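The two complexes that follow have chain A in common; it is paired with chain B in the first and with chain C in the second.
Moving on to the complex of A and B:
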């Protein structure tokens, strides 16, 4: 069988690709509440159900919190469950994310990331997903509609693995990915025939609907057992890297290549490296090319799998670099650095590398990051003495702002 | 019994003195924990030196319900208390209800037991407190008598136990305790203050002492529950079994008991034989939250005391006044009498 038969070309935006993945993964239950810019995912899934391309329950809930609770119930009962949200909706749903992780519900959650009120803003930044990065879910950041599709498919495989049993979050920037039309690959009918048996049907190890071995889920656990339960949850997270490797290896071999932890661009011989999440990696690549033309050895890294954080890989990639710039599209107000930068610094601190790390904050509420700003940021890395004493990240592109790149 | 030779007084020392109160919900022992701290605060306010000592008090919370076993911990110290960790050994254990299990955990021969019972030696042997010092005070009876005397509905056994409790701490006077009780019960009315102060005074006077050190009082063997490792549990905090409510007889949480009204003043309790006011309307059956009203052939035949928690809803809803409420201790005493006769 040739590889070509496995996929077909499909021009679509990020939301449509997410819905296509839900169909190809044979989702059982979708519970969602509309919120810009992720609403279309649920709308498209509704269309698919109407056209009988997908046999699923699409629940129209009266709020994000109840949608999350419906997903909990569906997952505990043993359904393959998908949820979609964004911004305020994610925060309204926050307690459910902790519940999914704690009660081991492998719900796949698509988040079209968006700024959080106030002031009201519907455009992209990572404030929403970053505020819940410790809820216990696996987090993947997609850079284009293609990856939204890939990670949603792989998300079910990874999350539902008996070793893992944890929620899986696919983050992609609102409008910039969710509403950008691109030419993508999706599984062809032949591809689906190969993919579905590999994915299998979801079998929850202990279902409340298993009448032979009934359980109570969500009961009160006192101090004598709570930490053991949480250890079990964290143990599931520790198994994730190996499970991701298995899944992405198979997918890359059988269908098309996918990333598993990080994506690198000209990092091997680089002296100055930028680290970023999501689709802004394209901008970093442009900057690297420009800088290399001027003889500056630049490189760029995209963190694809943010939770679990690829600590070993990052340590290895950044060993011996002269300086690192970390670009965050979210803030930790009053903290020493923004979320991604904090994690990266912690990962490097106990390694042999003493590479200085500078944090940048850009693009809050959808402000465009300019190529010149990225290039300037790279150039500032050459003079660590000027910024090494900074106690906060440097804000890029603020009119009248006092931070100097 | 003479208490003069009873060397149980914990003298002014540097280490914190750890106290644990075993009681049941609604007996007022979370209040006791707070009152101990109030006592120490009063000591500090009246102290000539800068501070007299420090105290902490905290309930250990779980399933709160009237009659459920509760734990309250106190620490008293003459230095600043900075750790709120639960100690491995208690210097004083107060047992407000002798039917609670596991009261001898974390004790040794130096522990002083204060028990809500009539006879210290008898109760030490019944529970198995080991060769240690025991104080007994019949707090429940005291509270019931004082409640009747003053007409107050809120005289608690806890204040009677507190009265006996201050024998252990010579630096706390009865006057100081009464002051704190006054402060605490002011909101419940004058009769409540009067009743509880009377309880405390009688508790102080009627405490009985038994020095069991060197005697053959047996110590109840405590088998520590085997706790499972994380990988032996179901993931996500799920519980294996359900529908196992029947195995846990929660009736012993009850502090009052529903009784047929025509038995309220009778000498004996004859549940479900003769009915005068009941018309089998089944309102109580519908309203009982624990499904404890027993029905046979469309007739109400009695109450399932294995699970009845004495909430009194049946008493409230009965349109014919056929169900009354009696304090559990009184009902038990009547039951005993009946058993003796037979």
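Moving on to the complex of A and C:
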């Protein structure tokens, strides 16, 4: 008997892969509103429904906020629910992300990340997702269309786990991942037959559609109970690392390998390490190769799971390094560092690490990060005295800017 | 005689203000639920949530209630319909496919409907699910302390219009039923209130709302608010009666027949009998004098004339109620 093949090859961009995952996860309700560059996910899902490859209700909403609320209600009604957005759309639906977390709605949200107005810009950065990093959702950053698919599938499994019951956000850069065609693996029909029973159907402990057991959802909670509900929500987040490990271990064994918290490149013996989110990791790897050829021991880390932040793993990976560069594609204007850098410094502060960390801001609004800039940034790590007293990140590639790498 | 079985989803612990018409409004609009129908109630932020649900207590019994963010009750209602449909198809419903009917009932105030939630409300009406949308309207944001809304009567005093200056003369508030009827999918829309004069009006319209299941339904219920309007809690019913008599609160409904919405008057005030103005019969001052919020209006003869003209025009104008509705009593 030949072993059944779990996957087939599929050439597609990030948005198409997100839609394929929605089909293979047997999503029930999709509520979305058009916004560049994520719109194709909903369009493709519409095609899948038309071809009867997916049995779902795709709601035409009148706005992003409405779409977010529709996902709230669908999830509270016990449906497997997907939402898709970018940029202004994410900010317009912002309050719903807090609602999903507080009301324990395991909505999976795909975000093709994009700069935020003003000025108006449709290209990539992480300003949108970073502005809502504390809303209570699990956050994964995908580096390619393959990971958009993988994390969407795993997102439902992890988010709907009874120990978790929290929203799950898959972030991938607009156009650079959402619109770039790559060769990918997707589940074959046999793979789907194995995956679906493992994923199961979403069983909400209490649904508003259970007419025999009526509930109140979203009622008023005053100071006498509010903090306990928030503690409960945060307790769900504390369970996430273990649930991710279980899910990614199974998936890696049964289908193909997936990352669960971080991805590393030549970090073990590295003296200087760069940390980044998403597909810019490829640029870091190129820089590491170039630097290693010149005898500089460089390495790179990609934070895959940003919420919950892999504190222990980061502490372990960076122990004993000479210096670290953190690349942020978002800012916290007036703050001591940009979001990823702030989190990373916090993670290191209470460890034994004395490693100096330098923050860089790059690529706002989709500006290309040049390899030479990355290499220079690494090289600057050798001279911490020159930057150790910086009180804010160094902006890379700004015409007329005064920051010096 | 057999005892009538009453659906009573709101029980003890309803913390509305004394004299508030909201609890009666809710019980009346839900009274039309047929026995073969399961419902979920979606409540927009406002007095209703605060008065019925402060954890761990609830006044709701025997029916699930969902309170989404303020402006999105209509969006949530659409999604509940979609969820029910897809779970029924996939045999995922918690109680199985029972063969019973399912309706979503929305309870939303005028702020949630006329103002912040108008876009989502319009979206819901356009998508066309047979949701019963109840707008309980007291003409202000009462829960946050009586700020003016798109439904506040001209020249009324509110927290944000302390001198009674709300909008320019010859400009009234929004007409929710007209907005609603601009959406072709709407199956039924009615304007009603509580009164001793026509006590069954609201109950009949509730039954009609549940009977119309081919598209969205609006019940626009004028709900007197003793605190916001400034009258004694015991006077709520007499205020309602006067609102009907003076023509300030017209009672009518519209039904979809073919592609048309056919409008019917449910009460024709004597003032407009025969489609002509009887200026001495129940002038608007009779109603205004019952409420503190019209204190400034009553002192200004020009405003008074403007408001009386607005009410009369609502009935007798070129596109007024008498022109729009089928002949009264037909």
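One rule holds in what follows: the second predicted complex is superposed on the first by the 401 of 405 C-alpha atoms of A that agree within 3 Å, B and C clash if a C-alpha of one lies under 4 Å from a C-alpha of the other, contacts with A are read in each partner's own complex, and residues count from 1 in each chain.
What we mean here is this: a residue touches a chain if its C-beta (ideal position, glycine included) is under 8 Å from a C-beta of that chain, and two chains touch if they have at least 3 such contacts.
Note that the coordinates shown come from a computational prediction; the quantities given were computed from them, not determined experimentally.
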{"item": "Partners on chain A (chain B, chain C) - clash or fit", "value": "clash"}
{"item": "Touching partner for A:216 - first (chain B), second (chain C), both, neither", "value": "both"}
{"item": "Contacts of A:401 with chain B and chain C, given as first, second, both or neither", "value": "neither"}
{"item": "Touched partner set for A:104, first chain B, second chain C, both or neither", "value": "first"}
{"item": "Which of chain B and chain C A:233 touches, first, second, both or neither", "value": "first"}
{"item": "Contacts of A:165 with chain B and chain C, given as first, second, both or neither", "value": "first"}
{"item": "First (chain B), second (chain C), both or neither touched by A:59", "value": "second"}
{"item": "Partner chain in contact with A:225 - chain B first, chain C second, else both or neither", "value": "both"}
{"item": "Touching partner for A:335 - first (chain B), second (chain C), both, neither", "value": "neither"}
{"item": "Contacts of A:72 with chain B and chain C, given as first, second, both or neither", "value": "second"}
{"item": "Partner with the higher number of touched chain A residues, chain C or chain B", "value": "C"}
{"item": "Touching both chain C and chain B, counted on chain A across the two superposed complexes", "value": "213-222, 225"}
{"item": "Chain A to chain C touching residues, read off their complex", "value": "28-29, 31, 55-57, 59-63, 65-74, 76-79, 95-96, 99, 201, 207-222, 225"}
{"item": "Chain A residues within the chain B interface of the complex", "value": "102-105, 165, 205-206, 213-222, 224-226, 228-229, 231-233, 235-236"}
{"item": "Residue numbers on chain C that touch chain A, as the complex places them", "value": "38, 40, 42, 49-50, 53-56, 58, 60-69, 71-72, 74-80, 82-87, 89-90, 92-95, 119-120, 122-123, 126-127"}
{"item": "Sites on chain B touched by chain A in the complex", "value": "62-63, 227-231, 233-243"}
